[in-house]
Each structure stands twice: as C-alpha cells, then as structure tokens.
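Have a look at the structure below before the remarks.
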Amino acid sequence: MVSFESDYNNGVQPEILHRLFDTNDEQTSGYGNDPYCDQAKEKIRHACQMGNADIYFLIGGTQTNATMIDALLAPGEGVIATDMAHINVHEAGAVEAFGHKVLALPSADTKLTAQQVADYMELFLADPSHEHEVQPGMIYITLPTEMGLIYSQEELGALYDMARRYHLALYVDGARLGYGLAAEGTDMTLPFLAHHCDAFYIGGTKVGAMFGEAVVFSQQRPPRGFFTTIKRHGALLAKGRMLGLQFDTLFTDDLYGRISRHAIDMAMRMKALFRKYGIKLAIDSPTNQQFVILTPEQQQRLSKSIVFEVWEQKDDRQLVCRFVTSWATSDEDLTVLEKALANG
Amino acid sequence: MVSFESDYNNGVQPEILHRLFDTNDEQTSGYGNDPYCDQAKEKIRHACQMGNADIYFLIGGTQTNATMIDALLAPGEGVIATDMAHINVHEAGAVEAFGHKVLALPSADTKLTAQQVADYMELFLADPSHEHEVQPGMIYITLPTEMGLIYSQEELGALYDMARRYHLALYVDGARLGYGLAAEGTDMTLPFLAHHCDAFYIGGTKVGAMFGEAVVFSQQRPPRGFFTTIKRHGALLAKGRMLGLQFDTLFTDDLYGRISRHAIDMAMRMKALFRKYGIKLAIDSPTNQQFVILTPEQQQRLSKSIVFEVWEQKDDRQLVCRFVTSWATSDEDLTVLEKALANG
Amino acid sequence: MVSFESDYNNGVQPEILHRLFDTNDEQTSGYGNDPYCDQAKEKIRHACQMGNADIYFLIGGTQTNATMIDALLAPGEGVIATDMAHINVHEAGAVEAFGHKVLALPSADTKLTAQQVADYMELFLADPSHEHEVQPGMIYITLPTEMGLIYSQEELGALYDMARRYHLALYVDGARLGYGLAAEGTDMTLPFLAHHCDAFYIGGTKVGAMFGEAVVFSQQRPPRGFFTTIKRHGALLAKGRMLGLQFDTLFTDDLYGRISRHAIDMAMRMKALFRKYGIKLAIDSPTNQQFVILTPEQQQRLSKSIVFEVWEQKDDRQLVCRFVTSWATSDEDLTVLEKALANG
Amino acid sequence: MVSFESDYNNGVQPEILHRLFDTNDEQTSGYGNDPYCDQAKEKIRHACQMGNADIYFLIGGTQTNATMIDALLAPGEGVIATDMAHINVHEAGAVEAFGHKVLALPSADTKLTAQQVADYMELFLADPSHEHEVQPGMIYITLPTEMGLIYSQEELGALYDMARRYHLALYVDGARLGYGLAAEGTDMTLPFLAHHCDAFYIGGTKVGAMFGEAVVFSQQRPPRGFFTTIKRHGALLAKGRMLGLQFDTLFTDDLYGRISRHAIDMAMRMKALFRKYGIKLAIDSPTNQQFVILTPEQQQRLSKSIVFEVWEQKDDRQLVCRFVTSWATSDEDLTVLEKALANG
C-alpha cells in the first residue's frame, strides 16, 4: 500500500533525524534556552529578511493557533475567519476554551478576501448595538488554505491594509507554509509575508519535522509575558532544543524549501495523472494537497492499493477525496497511483 | 414623545411595584432563602403542571443563558443555534467566555427546524474527523424568536424528539416567553413547553418586572452544585427575595398572562395600523415586536413623535424598524402612532 | 425575632424606594443610557473630587469583582489578595472562571500590608523560574475587610506606592464602603481613596440599595471595550435606570453617608452592650459587622430572640458569631439584644 | 562541565532513539491511530496488571495536568493540592485557564496527607456557606513529589480511601514516576498505584523519552469525548506514533525500570558523597532529585565544574540547591562531583 493520506504519515525528514542523532549526547538547558534554538531563530530572521523579528517554538498547530489568538486578542475579543477555517471546524473549540469567538464569514473556497473583511467591519460598526457584540480584534487566514489554495502578494497586501484600517491584527496560520511558498505560480515569498502581517507561524510538523511550529512576530512585539502564555497553554517543550535542532536544520541550506518544492513537484505530477485519467478536480490546488471527485466505485478500487482520505460526500455519486504529498513521496508512489488509475 | 423602543423602557408593572412597597419592612434571609421565593416556585410549578420542576431565579437574560449553557454542557461542548440567535450575536461572547462554541446554523427567519438539527447531526456524525470538532451537546432556541416568531406544539415537539435522538439537551430562551404564549394563533402552552424541553426560562425583565428570569429544569435535574454555578456566574442576588416577590406577583391571578395579552392586543392593533397606512411588514410577527420596512424619509418623520429602533439597513431605501409594546402601552400611544402614520 | 444576620436582610432604604415609585411611569432607554445614570455619575465624581473619573453601574459584588479583575488584568495574570479575601473564599471561583488565579497571601486578620506585597514580589522576581509562574498583575483589598477592619490613609497610601513600584493595579472592593468611610476613628475619605487606587467600587446592595455597585475607574482609564466586558459578564441591567436612580438618591443630600453613620452608631452601641455583658470580641471592628465569641449555650439562648450568623467554630467551647447593623437597625432592636444578653 | 541541572538536559535514551531511527521510513495514520500506540498501551496495561485501563498519550506535563484536571472535574470545581504543588506554582495558571481553582493546603515537605484532606473536607462541609465556595472535586498529588519524596502503599491507600469517602477523584502526577517506583526503600508498585487512584500519568519526558506522558484511567472511565478534550487542549500530536514508539520501547524489557534504577543508584551515590563531604541535605530524598544546603561560597566553587540549580535562598548563608540524575548520569560525572566537593 502507498499512502497519500496526509503529510504527517511518514517519519522525519532524514537530515533532521540525523541531526537529532548526532547531537543526542549533548547537554543543554531546557525550555528553549539552548544554542540550537538561538541559531534557528537567527536563520529564520535571515530568511524573513527581518532582523528584529521575535521568534518562539511551539509543538503543534492547534496549540499554536490557540496560544497566538489568546496572545493577540484582548479578553473576549473575536477572530474573523472563514467558516471553513481550521480554527472554526477542526480544533475542537481550542479558541473558545480561552474565551474567544470565531467570527465566521462564509467562504466558497476557504479563502478570505479583503472585501469580506471590509463589508463585515462596516456592517458591525454601523450596527447601533455593536457594543453588545463580540468585538473583532484580528483576522485569521491559512496559507495555504484548508483546500490548498494560496494568496498572492496583492491579496495578502489588501488584507493587511484592511487590518490596519480597522485596527485588527493579521495572523497567518502557516501549518503548511512551505508548500504555499513553493506553490505553482505563486508570487508569495517569506519576506513579503513577514512584512505584511502581524504574526504568522512556519509549520514544521507537516513539512518534514517530527513536530514543531515556529511562531514569528513581525510587525508587532509579542505581548508582555508571552513565554508565560506559552507555558499556560501547555505548549512549552521541556527538551526544547529538539525544536531548535529541527528548525535549525530546516533553515540550513534551504532544506525547508527543498522539502516543499519536492512535494509540490510530486503534487503537480499527481494532478497531471488525475487529468490524464479523466478524474475531475474538486478544486484546482497549486499546493501539496489535491482534491478530486471520485465515484464510490472509483474510491473503492483505488483504495485497494492506495491510502487516501474521503474529505466530503457531496452526494450519492460524488466523493471529494484528498491526496497529499510530502518530502517522502517518491516516483514509485506515483507509479503505483498511475497503475491504479489506469485500472480504474 | 411616545416610545416603542423596547419592552424595558418603562418601570415596573404597578402590581409588582406595590408588592415590593408593601413588603419592604420585612426581614428575610438572603440569596433566595426566603418564603417569597418558595411561594413563587410553587406557583410556577403549578402553572407548568409539573410538580417536581426545579426552579431558580436569576437576574438577566444574557447571564441566564451563559449560566444554563455552562450548566447543561460538558466542558468544551457546543450549542446548536441559528446564526441570528441572541447568544450568537448580542451576548458579547458570554457563552464563549465559559469555553463553549455556538454551532450556528443559517436561518432565514430566526427559527430553527428539527430538520436542520437532523441534517447537521447526520453530517457531523458522518464526518470521519468529527472527534476533532466541537461536540454538539444541546439545542438553543428562543420563544418567541429574535424577530418575534413562535413555535407551534408540533414544531417544538419535533425539536424535542430530535434532541432525544441525538442525546442533546433542548433549552428554550424565554426572555419574552409571555408574549409567545399569548401570541395570536399560537397553540403553545406553558405546560406543553415544560414537558417538551430539558430546561427553559420564564422572562421577567421584559414582561413587567424590574428584573429577573425564572429558570425551570423540567425533564432534567439541575447538575450537581447548580447553586454554586449561579454564584460563579455572578448571577446570585443578595436580596434574593426581590426576585421571589416579583415572580410570586407575576404568577398570582395570572398577572404574567394579563401583561402579555395586553401587549399582544396592542401589537396586533399596531400591526393593523401599519397595514392600514401601507407600511410593509418585514416579517409577520404574532408577538409584541413588530418589524416594518420604512424609507429613510418615513423613518425621519415618525421619529419626530415616536421612539423606535432601526433594526437593520437593508439597502439605501429600506430600513427595517422595530416597534415594541409592553404592559405600559396605552390607547393614547397608538393614537399618537396613527396620527404620525397619517401624516407620514 | 430581630435580625442582625446581615445588611441585606431588609428591603430598600425608604428614600430610594420612593424614588423608584415616583419615577416609575417614565420611559427611558435601556442599559444605562438614561439621565438618571448620568446624574448619578456626576454626583459620584463630585463626591470623589475627581471630575474625570469613569463610572459604571453593575448589579452585585461577586459579578463586579469578576468583571473588574478580568478587565484590569492581561489574560492569565493573577491577583494578589489575602487568603481570607472574599474573592478567594466566597465567590465560587468566579475569578478563576475567567482564567485568573488568586495569589493568596496568609493573613491573620483579613488585612493586607504593603510589606507583604513587597516581600511577595521580591521573592517572585528573585525566583529564576518565575516566568513559569502566574504573573501578578494587581492587588485586591476589601475596605472594610471581610472581618470589618479598615485601612488608614497611611496604609492605603503604602499599598498604592507598592502597586506603582511593581506595576500592579490596585483595586478596592467596597461592597460595604460606606461603613468603612463612616467607621469609628478612621481618617479615610472618599476623595483620598479615589486618588490612591486604580479602581474601586461603591457598594450599594449592602448600604441601603435594592442592588447595585458603582465602579469607579480613578487613576486608570477603563480598558477598551469595557461596556462589552460588562455585557460579556452578564452584568448589564436592561432596565439600567434602576441603578442610576438608586445611586442618584444615595448621593443626594449625602444619603450614603447618613445610612452608613446610622449603622456605625448602632454597631458601636452594640459593641458596648457586648462588653457590658462580658461577651468577648473576636476582633475589635470599627464598622457595622461585629464579631464576638459565644459559648454554644450562649449562642442557643440568644438565638431564641435574635437572628445572627455563626461565622466559625473555633473549638468546642468557642463560636465566632457575627452581628450586623444596617440602615434599618433600630433602638428597639438593640433593646431586644440587651434584654437577651441580660438574660444570657 | 558536568550537568546535574535536570533530568531533561540530555537527549533521548539511546534505545528509544534507535527505535525512532529504525521505523522512520514507515507510514502510519496520524493522531495515535497506529499499531505502535496500540502495542504500547497493551504493554502498559500489562505492567499495571489492569487489563481494561484506558490509556492516552500526551506530550508534556503541564499540558497533561491541565487536560486531566479539566476532564475529571465538573465545570468550576476545584482541585485539592499542596501549596507547593507543581500545578499551584509552576504551571503558569494552566489549571485556572480552564476555570478550575487550586485549593491549596499548606505543606511542610510537598506531601499531602489523608488527614489534611479529611480536615479540609470536614471544615468545608461544616461551613454553612459552602455553597458559595468552589466545590472540591479531586485530589492531586505528585509521585515523587516536587522535592523528591514518595508515598508508601499505606499513605496512598489512605488518600484513596479519603477520596472515596468524600466523592473526590484521586489523580497522581507521575512526571517522574519511574524514579518514585525505583526509589530507595519504597514499597510502591505500578499495579498498586493503578489500583489506588482514579487516574495517573507515567512520565516519559523526564525518564528518558524525547517527550511524552502516558495517561492511565484506572478506576474511572475517561469522560465522554476525551479524545476531543485532548485536541481542545492542543495536546494531540499529529505524528502520534512517535509517542507510541517511545512508550513501546520504554515498556519493552523494562527499559522504564532500568532507566529509573540507574538514576536512583547514581542519586544514592551522590547523596553519599554529599554526606561524606559534610554537605547538609535540605531533605532526605530517596529519588533522583537531591536537595542540599550550600553556602554561597560553596555554590560558587562547585559551579566552576558543575551545572546545578539554586532552588531557594533560605537566608544569606544558606542556598538550597538541586542536583538531578538521569539515564545519562555516568560514573565520570560523579567523579567530577567528588573532586569538586573535595576541593570545596
């Protein structure tokens, strides 16, 4: 069986694993007070072309979102996001656990537009009883989005302008950021991103690491006591150097970019295969997640040799299915897929 | 100026005020441990035809909703409601403050249907990753709704069946319950309601009292430590007998019904006036809140002699405006309205 | 039976009740947007000699404390208080419900000293792992305290200096503030208090009102969106003018002071009676709460004609009992007490 | 430099690291749905002699405590612990973040006794206003404690009896559980523990793993929706098999016991060295954390060749210092320590 189930089915990208191996006998202080964390932060600052960015390492995505939203909002403020946003659907209420409401705007394709934000804010401000409502304090977007889409520089810039206009923080969930930066046809770069939001995170878990997410405060200083906030969220790793080592490796010789580009290459070849065999795309994703529409029979047949996720049942005849590539996806994996498609 | 701005613009219904006056010199223990609270509970049980209902008195609506939702849900569970529900829009995140998400379903008219609940639950249960999502634990409806609509016995019964099927609690926000029970053409009764939900509250503030909401646990015992939960929510009145006295009076000689029926009579006469003068209804409400569509010019002219609320600006030419009656609405008030409409 | 059980056993001070009566037929907007609230705020500012104080009216004490602590602290920060503080013992976890820890310091007599705060902060700052701990953000004291004690100008000034030195907010819970300002031998005044803390509240419920607490932000502006914070805490009264009317009356012709001085006079006469009849004081309180030590037999005998609270069972032979006076305490009440003591 | 700073300064115990290495190329589903997690759970059940225990893997200690306390308590209930408990001091308010109060009892030595619990509960229940207080719902102890002490079977049994008597859950924080089970002179065993509490966790991070804590529900089923609770707390690892692999290895050929016994052997030899060189113990710990009292001069001299933590400054002349052993502590490390002590 070959798995395209997700980008966290495999182990660790080998260069990272070897790094953990090679440094295992060393002794360092805990909680991120170690030279590897310092080194990694410096390399990330350099990659962002932002010498004074504040950087922290957390463990996982939901945790990072809950911590950042809690840190960037005043008590009880809300976060604007699409109704399909990860924080609105698949984080089990972690945002609400800290008292914040997700102000969900309808989205056709998991992207949020500057216009939507403007419309929402104008309606909110025009409502005479808006003091009785949750006060919007930030905008949350994912890059790439939950369905693999990306934002152009123009789109992100427009969102950031809107954030400034309405005194909202703009926070970008980059669980799969690498794939967004390596996406086919994108003009987005890490420095542009860093300079057009208040904070974002560079996802490690889904881009080759064992775990770990690097939070970057760009336009905005972290709130007073942010280290304590991390601890309060249970997001502080005792053996903190394991995070530093992973990100230091990811940002050495552009490993983060190499992993991402490989996965995108594989995903684009996969997309070509689907097209070749007449499989309809559910959405035209330029990133490592491909969404196609299968009949129940096709889904059954493909499942004999390939692991993948049924994302949504559109109707009796149409299943939206997700196929994901990663650092570990190989030519052989695609060959198996093509064989299966040819037989389907 | 005559005010139809809301049903909490006036003071206290006179019978209640006199009762407070007459008993003022008495001494009783605090926090609801007094004979008036006991008496009031007994009368409410009788009116509900439910001898073993557990009843508590809280102070205001938002507070009552937050307390009840917190009490009826397990930590982190969510509450199903319409996207126009008071808890979703106008309670400033009080539900989220205690860690619960509002699972908002789209609604055209502020009503929730049993079918919507069923569809939502089936989709939820069919989603293979539903353990990553907020678990639905209860259904919230308002009766009457935010736009003055009511539920028939059949509709409430169907919702209650659905609640049973999916192991959800059904909770009814009765901030204006009296007007729902007295609504034109309704078949809903207090005993039917009490026997077809898990808990509800009988609104006092908007039905003649100075403040106060009576929570009724019907099919379900209150959770262990509910008194402490009330205290924790800051919802425990020190001079608790003031709540008992008001509800004891409201449930003596059916004052609650008399107040409500008077307001409904006035509202129906008001609706007839709007129709007579060609004002379009935004919704055909059988309760004490009437929603009409005015042009900006009409709104300006009426505002010279009448206070009312602009509810929503539909477009440049159409303002949805709300006119509300109460125990205090008089023939003279309607005469002023008619004169204004005639001149408009 | 005569009751000294608490200062919230009686109804409303008559001047306040008549004011509610006299204004009952008026129509005003809800939620505190009415002339009575404005008037009351102006009078309180004048009494505080602080023309720019921001003032809000809430309903009850626990609610007010939870709202203010939530408003004055950053997320997750803690509040320094004595281990006997009302917020630490008798508020059912309302402070923790909003994510804040009470940093409880041991107290012999319910008072907190500037030295204790300094010692705590020095220890905290010297601890190399203090970033793993709850960050102290404010100081909470009660005036008068839970056992009826007061702070002198010097003591409050010292606490306020300490608050400045360690960047903590100083908040004063004045549930019974009137009695503290009228206490025998005190040099505390309302203007001194207002100028030596960041925020405090003037208790209404226990000083003659039906309900209501007036929050005063003195040295510090209320945080952005404080109105919404009140709503989120379920602390916003729909018929808000009832709060304005009560405080307007309390601050007209110094009713607040008159009520308080009467209760203190009664309490001091009561204390003299206890001494005359050889009853030992548990603490020498200069305010309206008197704590005495009774044997179980004495407690039984007094209970035949008088209602009072057993505060704490020190041992088999000693019960700490509380006797409280209020606006309603009369000469006759004290006569009944003296007779009971003479027979005991 | 040799480090005795903590048991999380080193990398991963080599057998575990090799296991991660050997399995790195495999593909498994995420979130703990993999054969390694299943295997590890089965081995832990066997080691606990409890075939039906429910087991979950979380990432870190503070996170695990917050998740378990939230899961075992009803909303707003409190947890009884010593005032020196990790949850009361060093978890940054993670417990309060989910609305729960730590009911801290004074402790001389970080241990909690059954008698303390009984005294607290009797006082609580005897207090006529205890409904206004946080309701105690569970007992929290650490094994070994924050200062390295252990509980005997008799002591744990007594606590468990008390928990039963007062309807409290008993939860044991086993961040360093291995060292407690291998402690000099202990009669505690894993099966005894499992059968005398409601839930506990087996610490991995501080006993050789890279990270990871294994939660065991013994007498009590996990609350409905516990998986979702883990997710809501941000405690769900995407590459969940990394947790399974580590615990599977730890519970193969008793690696968990071997690591622990090695550290205890080293700690006992260290203790003997301290005694030999006249260093006073701050507490007589039978586990891998040793606490000694040094003069500032001694602390300075030892710091030249050894890393260790100043735990607390008792006074000008006495520093309580902590020395910790782990799987990685070697004979050479002790030789360096002895040399330093001889020179000191």
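For this structure, a couple of remarks:
We call the chains A, B, C and D, going by the order they appear; numbering starts again at 1 in every chain.
As a working rule, a residue touches a chain if its C-beta (ideal position, glycine included) is under 8 Å from a C-beta of that chain, and two chains touch if they have at least 3 such contacts.
All figures in this text were calculated on a predicted structure; none of them were measured in a lab.
Counting hops only between chains that touch, subunit A reaches subunit D in a minimum of 1.
Across the two candidate interfaces, B-D and B-C, the one carrying more C-beta contacts is B-C.
Seen from the Cα centre of subunit B, the chain whose own Cα centre is farthest off is D. Distance from the subunit A centre to the subunit B centre is 42 Å, each centre being the mean of its Cα atoms.
Note on chain placement: the centre of subunit B and the centre of subunit D lie 50 Å apart, centres being C-alpha means.
Taking each chain's centre as the average of its CA atoms, subunit B and subunit C sit 33 Å apart. Residues of subunit C in contact with two or more other chains: 76, 91-93, 97-99, 132-134, 228-229, 231-232. The residues of subunit C lying in touch with subunit D in their complex are 76, 78, 89-93, 96-97, 99-102, 104, 126, 128-129, 132-134, 309-310, 313. Residues 70-71, 74-77, 98-99, 131-135, 223-225, 227-229, 231-232 of subunit C are the ones touching subunit A in the complex.
If you check the complex, the residues on subunit A that touch subunit D are 3, 5-6, 8-12, 14, 17, 20-21, 23-30, 59-64, 66-67, 91-94, 97-98, 205-206, 210-211, 228-229, 231-239, 242, 307, 328.
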